[in-house]
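Below is one structure, written out as structure tokens, with a few remarks after it.
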């Protein structure tokens, strides 16, 4: 559970709902046809931007903004040191069947056990990182499409409302409320783009960058194991990839 | 048939038409001179941005958003494994006249049969990929021009309508309807840019990226055949280019 | 004569003039002071962005959007094959005084005749391509400046009109027409940016890219001549740079 | 204390407050619900964009815009010359325990004392610079998020105000003040983006660039020490990284 | 004196002042508090974006848009040919004390006289070019800050004016003039961004590019002198960096 996402998300929505209530209640801010054109229209137009699989997959990516699988650097380093010591003493084969904290590491380890050399393992693992980046970029592309398209749908909705209103100005008293409803779609569009999906996109890009650092550390560690380096050296090489504070914390713990 | 394009496209248009109908019918939203200036004006201004051949070719590219020629990875890998096994047993010449699932593969294969080495074949095939990217970029450039120019035409139409209306304010009752008509061009421009062509452009860029991955797999496979590798090795090298899920699916099937 | 530029340009202007006429005649859309501030103001502000020579040179570049010097690929390849056959039979000196279809090729050929080797010729010719790109970028920079500055001048003109109008609201009947005139400058600015110069800029960038491909083919051909390759080989290398369709057309003709 | 930040910041705010006072006092420009939605809404939405640690860390980065730790080039060069002379005369071990003006230099020096060669030291130190850039980019990303999100929150607030106002137009006298309040959130959003955080972001990016130059000078100096160069040479290599004016000033002082 | 800057600058301002006068005199367009908030506010906010030294230095850079130190290519080439002939006949030492047209060339020449080899001289001189680019980018960054911040200050001023006006609508006759004043700040912001500083920034970027070409020619020439090439060769190498027209002009003159 990422506490900043949750507090930030609920807090921002709370502020906006609070402003609506203090402006006289939520009632005037809810209009079903307006919701349909902005949420529904954007939903379909976003679907149009991507293959069906990527579109459906993006909903899982959205959940990750709230429930990220945080990479555990310290557990990783601990495991790596242990594995490298085993490999040094008893050879690669002794690593067979060892428990590892994530699939990515497991795959690379299996390659080494199966006899791949450092070069081949690193190339395959780096290709996997590239594939992950491409996959995440696809999902984040759908989220970016929401950010781009929702305000446009809001504007289209407002224009539809204005055209309808301007064609029926017989009753001056109806003008105000009609215009209020017309503006609602612009409000929804701004809300979807700037509160729901804009920050989520930034957050997910950050997670992807963190995951890439984690995986590069895995590869660095596996390289050390392949070269038969000592546990101490493997740890040093992996730690060097981390930012200073994380380095200090890990070294203290060591 | 790409189901996401079709549902997305029809759904988004449906939402907008639904909003118009619920606002009192389609009638007030249709104005022939407004349609002429936005669709017609953008049509000609977009034509002005590109050579005639590229402009005309872009309509074919648009159709591809709905009817993509989906690259079939599994058929490709199957074919490649078969071809590499034949080449290994009976030599390159035995590949002459074999059925292949697409022209691009056919061209590379012919080069190998005609005696080209791995280097020369790969260089020529990569140049073809570059040419494809340039060709697609040209077509997508025309679609991007629609996205840029249509809202501008909408704004020009609205300004023309406003100037005309402001010069004739003798009858106050005519102001509302005149302004409604003036706003229609802005509405059309937003519709063209954000519903018709914006998502289409994103989709086509995605297809181009997929096609590039497919063609890179073809080259990887042909390299293997040229080097006389076993069918198993050729399959491994080609699979490694795919994202994890597609890898898993192919390996299960194998 | 580039037919797409001409039809596109006249068609877009025709659509806009048609919309004005159908809105009640061109009269209300012409206002000399408004024309002066937008066209004149943008003219001077654009001049301010560039050295005088580049500013004046940009008008010639604009003409090229309508009258491009289309590169003739087939004539080029034919010439190159002929030249390479002569060079192979009778030596470089025999190329002296041969007719060539453009100056760029002529310069490279003269270098080879004067004894330059492949390396030196290619370096000098590539520097010439870079210089051409820089020169075109300078001219296109001026056209881009029109696209950026004209709408700003339109907005400044509208603000001037609004300030003047708002200060003199004694006669309510004058408000409408005054505001109509104020909006004209915004209309002019949008017209200059989106109809006159925006598409022209895209078109010229396309031409520059085509010219670069042509010149790269010239260099590829001259490299072949310098290396004493056969006419057939020279043709193959040059054709490989072209997109598939153009390749097919040339090969059929051969 | 960075005098330009302080004068600029206070001056810009002073100009705006002055304009408010000259428009009739600060009273009409302060509205607590409006402040809550813009400042509060942006606060939470910005928190949503980043992990909690980065979000909290960004406030420290903001303070640095006012209280930068200015890199002291002259002190650095003086120290480096001294250290290189000691290392040359008495060997690396003699550098143990020497006072150094900053931690970064201290770390590199310790590596050399501990026996690392030039290559290894430079690689580790460059990785530290990259980590610093990534850390600063994270903090500045939060500041950029304020610049992006605050105007959007201002617009959302204004739309909420307008919808509420348009639904209650019974009393024409209330329209003006209600609209005034609605516009306040747009004003706050523009203020946060363009006065508070926009310039701060530019400033911090400049500081990061300066810090990178400083650290590259440290590495250049340590390389010289590792290679056993004379103090004079070390100084020359470090000075060459500086801009001309700073070079002249340092050489005069020398 | 750069004639295009002067004519463009005065012409654009003249067009705008002319439009104001033809709209009824300059009077309604001048409002001291509005000038204070836009010019003053932007002045301080821009100061906030940069270190004090860079901010103050940017005013000198602005003067250069009007009074550029035009690089004299022909004088440079003439000097270089002369110097290379002397160096070839009498050795590097004979170059001591020769008059050179600019400091940059002087510095490189002194390095050669002091015994630096081609490599070392070129590295140091290229670092100086990089430093110049960074310095110019700093100054141009300040000018870009004006372009970004001035319209924002104009918008803030207009919002302040609107809020004040909307809160005091008792006298309907005062509304028009109050709104006219409110719009003035937007007008000032657009003027500062699009007439004063926008074109200036483009111009200065162009000058920097020209200066870089000039300095690369100096380095090319000095390389030739270091390698003991003939004056003729030095000239050829330097000329090749120029665009075709300038080449032709120089070769004719030769």
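For the reader, a short list of remarks on this structure follows.
Going by the order they are written in, the chains are A, B, C, D and E; count residues from 1 in each one.
Just so we're on the same page, a residue touches a chain if its C-beta (ideal position, glycine included) is under 8 Å from a C-beta of that chain, and two chains touch if they have at least 3 such contacts.
Quick caveat, the model's predicted, so the values are computed rather than measured.
Where touching is counted per the definition, chain D and chain E have no chain in common. Where chain A touches chain D, the two copies mostly use different residue numbers: shared numbers make up under half of all numbers in play. Chain B and chain D have Cα centroids lying 42 Å from one another. The distance from the centre of chain B to the centre of chain C, each centre being the mean of the chain's C-alpha atoms, comes to 26 Å.
Read round the ring from chain A, going to chain D first, the chain order is A, D, E, C, B. Interface of chain B with chain A (complex): residues 2-5, 7-12, 14-16, 18-20, 22-24, 28-29, 173, 176-177, 179-180, 183-184, 186-187, 190-191, 193-195, 198-200, 202-203, 206, 240-244. Contacts from chain D toward chain A in the complex involve residues 33, 36-37, 40-41, 43-52, 54-55, 124, 127-128, 131-132, 134-135, 138, 141, 145, 148-149, 152-153, 155-157, 159-164, 166-169.
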